[in-house]
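Chain nomenclature is as follows: A, B and C, assigned in order of appearance, with residue numbering initiated at 1 for each chain independently.
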Amino acid sequence: MIPYAAPIFKASLPVFMALTLDDVRRVAHLARVAIDDAEARAVLSQLNDVFRLVAEMQAVDTAGVEPMSHALDVTQRLRADAVTEADQHAAFQSVAPHVEGDLYLVPKVIE
Amino acid sequence: MKWEVVIGLETHAQLSTKSKMFSGASTAFGAAPNTQACAVDIALPGVLPVANKAAVECAIRFGLAVGGADGLSRRSVFARKNYFYPDLPKGYQISQYELPIVKSGEIPIVSPTRGEIKIRLTRAHLEEDAGKSLHEGFHDFTGIDLNRAGTPLLEIVSEPDMCSADEAVSYARALHALVRWIDICDGNMQEGSFRCDANVSVRRPGEPLGTRREIKNLNSFRFLQQAIEFEAKWQIETLESGGKIEQATVLFDPDTGETRAMRSKEDAHDYRYFPDPDLLPLVISEEWIAKIAESVVAVGTPQVRKNEYIGSYGLSSQDAWQLVKSRETADYFDKVMARLGKHEAKLCANWMNGELASVLNRDSLDITQSRVSSAQLADLLARVRDGTLSNKMAKEVFDAVWAGEGDPDAIIEKRGLKQISDSGELEKFCDQVIAANAKQVEDYRAGKDKAFNSLVGQAMKLSKGKANPQQVSEILKRKLAS
Amino acid sequence: MHNATIKSLAADLAARKFSSVELTRHLLSRIRALNPKYNCFITVDDAASLKQAQAADDLRAAGRAGPLTGIPIAQKDIFCAKGWLTTCGSKMLSSFISPYDAHVVEQLNGAGAVNIGKTNMDEFAMGSSSETSFYGPVRNPWNADNVPGGSSGGSAAAVVARLAPGAIGTDTGGSIRQPAALSGICGLKPTYGVVSRYGMIAFASSLDQGGPMARTAEDLAIMMNVMAGFDARDSTSLERAREDYTGEIGKAVKGLKIGLPKEFFAEGAEAGVTGAVAAAISAYRKLGCETVEVSLPSMKLAVPVYYVLAPAEASSNLARYDGVRYGHRAQDYADLTDMYKLTRAQGFGQEVKRRILIGTYVLSHGYYDAYYIQAQKVRRLVARDFAEAFRRCDVIMGPTSPTTAFRLGEKVDDPVKMYLNDIYTIPANLAGLPGMSVPCGFDGSGLPVGLQIVGNYFAEAKMLGIAHQYQQATDWHLRVPPGCEG
């Protein structure tokens, strides 16, 4: 166990790296969200405000600190290998946008 | 050598569990579309994954078989691999990234050029399969069947240790044999239970690794061979004509025998891996490992059994490898040997790897479906050994057993296939042959060995093939020497 | 009857003073009258609610009633309820009829509670004002020009407006406690893992936790007895012995050590808030509690950490909304990628898209270590601060929110300003600790103030007892917003 310590800020604060419009477009594409130029511009300044706030955290010296993924230090419980689920495709597909022959349909995928 | 080919394989083995990796839906193959895709598999809002114990156990078995307990991570982590694709319902695949459950191991193989070598494993990790996209049957649409979504897979990643398509196939076959041997995968390649991606690059000897292209989803050993051969040749030709290799994912077309880059280029491959917050660290205890290790020791591995055959029967490595191509094959061999003396191992191996393998192959059967039982083969080989049957006769009897005519001894009896070993009778044949072939006798005595074979042949002909050829040749030699 | 607590309603139902059907009818008629003003509910289904009420009355007649049997409970529209439209406040799910029940909903149904309606919320729980809903903003019953807090603002407003005696909410960075404070009710976010997340539509999985909202701590305890418990379908659900959350309701607080983190009182909070909180702490001193100053030095980092981790998890959790299997799908598109992009651009509102972009960015190649891993490390520092503080005190107290209910539209276009409203609530989510808010007075404009109590892991019963003692000594929770007296 690493002894308790108050956060120490690194002597030299990292310079806040502003996002660019290209970053916004790249990320919007990765996240599959259509975004036009006006929206991209508007969101860019908001995102930069947020990342300016986030930069405070980046300045903290965290050498030797384990990343914390979960609130509690517990481990994965394992399920017995048994089939417990019955066919419910009719109910599930009743809310689907486009189904034919029990298949979900999407615009043609080209491999 | 002008070019070196460098190959690494990523193999997806579908684990033999009843239910899925993270849900209680069935993994049975061939169900009607989407009838085995439960709420978790179709990623309804709010659903959560829980890991399947049997799948984890399969991964541990594999780790123990390829590298022992040291190759197993006591703590591994499930991560999300994020990308959009219609057969990936959550928009991410649950896999393992930085901390895989198996962190090292090796697969021994026999290379046609380098002999027995070991292919190192980079890692093996648990993950879930995607659904299936069906491109036929609809005009402007692709149909999505999510029955396969969530099926447990073990992705086994090799180091780029192979330098030819032959080696890649040897490795794939060895791995295929192993996963079936230890009962973690049914190995059914038609159903996609065992499929390979091959990373291929070429370089001049001594130079750093070239740019690799990844051939996706090869689901037969033949395609694996053809695809790598084509790809390597294409890369060499491209470089020799002044071109450059771009990193790419390619598909193999079995109809043309060619590889081609995928049209839908997965943009920039930024998968944004991060630990799945819905799942906790997978911790495996020493007790559990020890318990699984016991059962792994009980079934052994192809490697262990092969070494036994070499050690206790003096078989060649080549013969032994063929006998351990599946656990059923090795078990069959053991059953035959249980009825024969230790010294008949070579004879038995020859028959199993020769005649038996070829008829099984001809009739597309596996060894458990063999129409000659291990007891029948043992009886047949005993008759060969005691001189009752010549090799040629034995093949006839084998075919008759295969055709369902009964046990070897009954067939021998019925067909009167007994070899003539009575020396009086054989001496008569030999005398007749010597008397009738003065020219050949003269030639033999003048040192022409070929003439002797002709004399043996004549004697065999006289006996209608039933004479023991070894005895005939001894008698002839004696008589001609005097 | 609408002013009564769950506890007294249960007693009256048991005494057959009225039936659940009568109670449910009464609340449904109040909802019909008041919902147009406050917009607390997205879906109200009289027939479905009354059917449950009838079933509860039958259960009681059969002698099998429990403490929640026949009690109408409002459900935040983030909980999947079979046969009910379950939207999460989003256009994306505006046609999604859930085919299954969340674990919490199953538990409530099993106890005979009545689902009185699905409450409005910030879209996908992303917000602190309940303004980002596709279904329009929720208004604060204390002043309809102001927000009720968020994201469980519909639940909070419904409870304070006496449209339901209790409601369920979820809390990822304060979404139960902050609206409870801004609307003048009680709300509890349990220890992470105590309430199953199965069927609770995910925002940020490692932080999300469902919990009860009601007007008294004792009612929260009664609800917790039904909501909490192990669920094998949630890998993060904890296997613990069943606990009676009402167990410490009557317990005196004399000798209790209250930790006051200096960072909670240092700067930023409005005078009306600090005044009311200081008075509440004096009240605890009068009840025999001790106070001790503690420090949470990393607290100011909690908001920056949260705005890396929560969007990162959300960007991945919300990838399933792709227009393929359920939910909104765009009409006109060129190809598959276009279909995805338009579906998601149309289906998600501005704040959700903003967070998806932030989350995608911090996880993307080259930024992961600097943002995501660093945030997880600082998260541990925040958790350690609490561990250190709890060596010196039994519970921590401070304000729930730095402000009282702000005006609609005031912060909605300034994300950072909005995000900083959760500065006191986020630390408990990062650490996974239980936190609650209790009404502790009003500011100069007559808007409610909440006192936050943060306990150590699994200290819910103790915290509820502590809050109950305060509510026995005060009457803030009995105040009714003007126009809601009925």
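Quick note on the criterion: contacts are C-beta pairs under 8 Å (C-beta built on N, C-alpha and C of every residue); 3 or more make two chains touch, one makes a residue touch a chain.
Note that the coordinates shown come from a computational prediction; the quantities given were computed from them, not determined experimentally.
Hey, which pair has more contacts between C-betas, A-B or A-C?
Of A-B and A-C, it is A-C that has more C-beta pairs in contact.
Of all the chains shown, whose C-alpha centre falls nearest the centre of every protein C-alpha atom combined?
Centroid comparison flags A as closest.
Distance from the CA centroid of chain B to that of chain C, rounded to the nearest Å?
57
In angstrom, rounded to a whole number, how far apart do the mean CA points of chain A and chain B lie?
About 42 Å separates the centre of chain A from that of chain B.
Based only on mean CA positions, could you tell me how far chain A sits from chain C in angstrom?
22
For chain B, write out the residues touching at least two other chains, lowest number first.
Touching at least two other chains: 39, 42, 44, 50-51, 84, 86, 142, 144, 270, 272, 277, 279-280.
Out of chain A, which residues touch more than one other chain, so two or more?
29-30, 32, 69-70, 74, 76-77, 79, 88, 92, 98, 104, 106-109, in rising order.
Residues of chain C that touch two or more other chains: which are they?
In chain C, the residues touching two or more other chains are 96, 99, 206, 232, 235-236, 315, 319, 322, 324-326, 336-337, 340, 360, 364.
So in the complex, which bits of chain A are touching chain C?
Listed in rising order, the residues of chain A that touch chain C are 4, 6-7, 19, 23-24, 26-35, 43, 46-47, 49-58, 60, 62, 65-72, 74, 76-77, 79, 88, 91-92, 94-98, 104, 106-109.
Chain A touches which residues of chain B in the complex?
Its residues touching chain A are 17-19, 23-26, 32-40, 42, 44, 50-56, 75, 77-78, 84, 86, 133-135, 137-138, 140-146, 251, 262-264, 267, 270, 272, 275, 277, 279-283.
Within their complex, state which residues of chain B touch chain C.
It comes out as residues 39, 42-51, 80, 82, 84, 86, 89-92, 142, 144, 268, 270, 272-274, 277-280.
With touch defined as at the start, can you tell me which chain C residues reach chain A in the complex?
For chain C paired with chain A, touching residues are 95-97, 99, 191-193, 206-207, 232, 235-236, 238-239, 295, 297-298, 300-301, 303-305, 307-308, 315, 319, 322-329, 333, 335-342, 344-345, 348, 353-354, 356-358, 360-361, 364, 370-371, 373-381, 383-384, 387-388, 414-416, 419, 430-433, 457.
Which chain C residues qualify as touching chain B in the complex?
79-80, 86, 88, 93, 96, 98-100, 102, 197-202, 204-206, 232-236, 312-313, 315-316, 318-320, 322, 324-326, 336-337, 340, 360, 363-365, 368, 372
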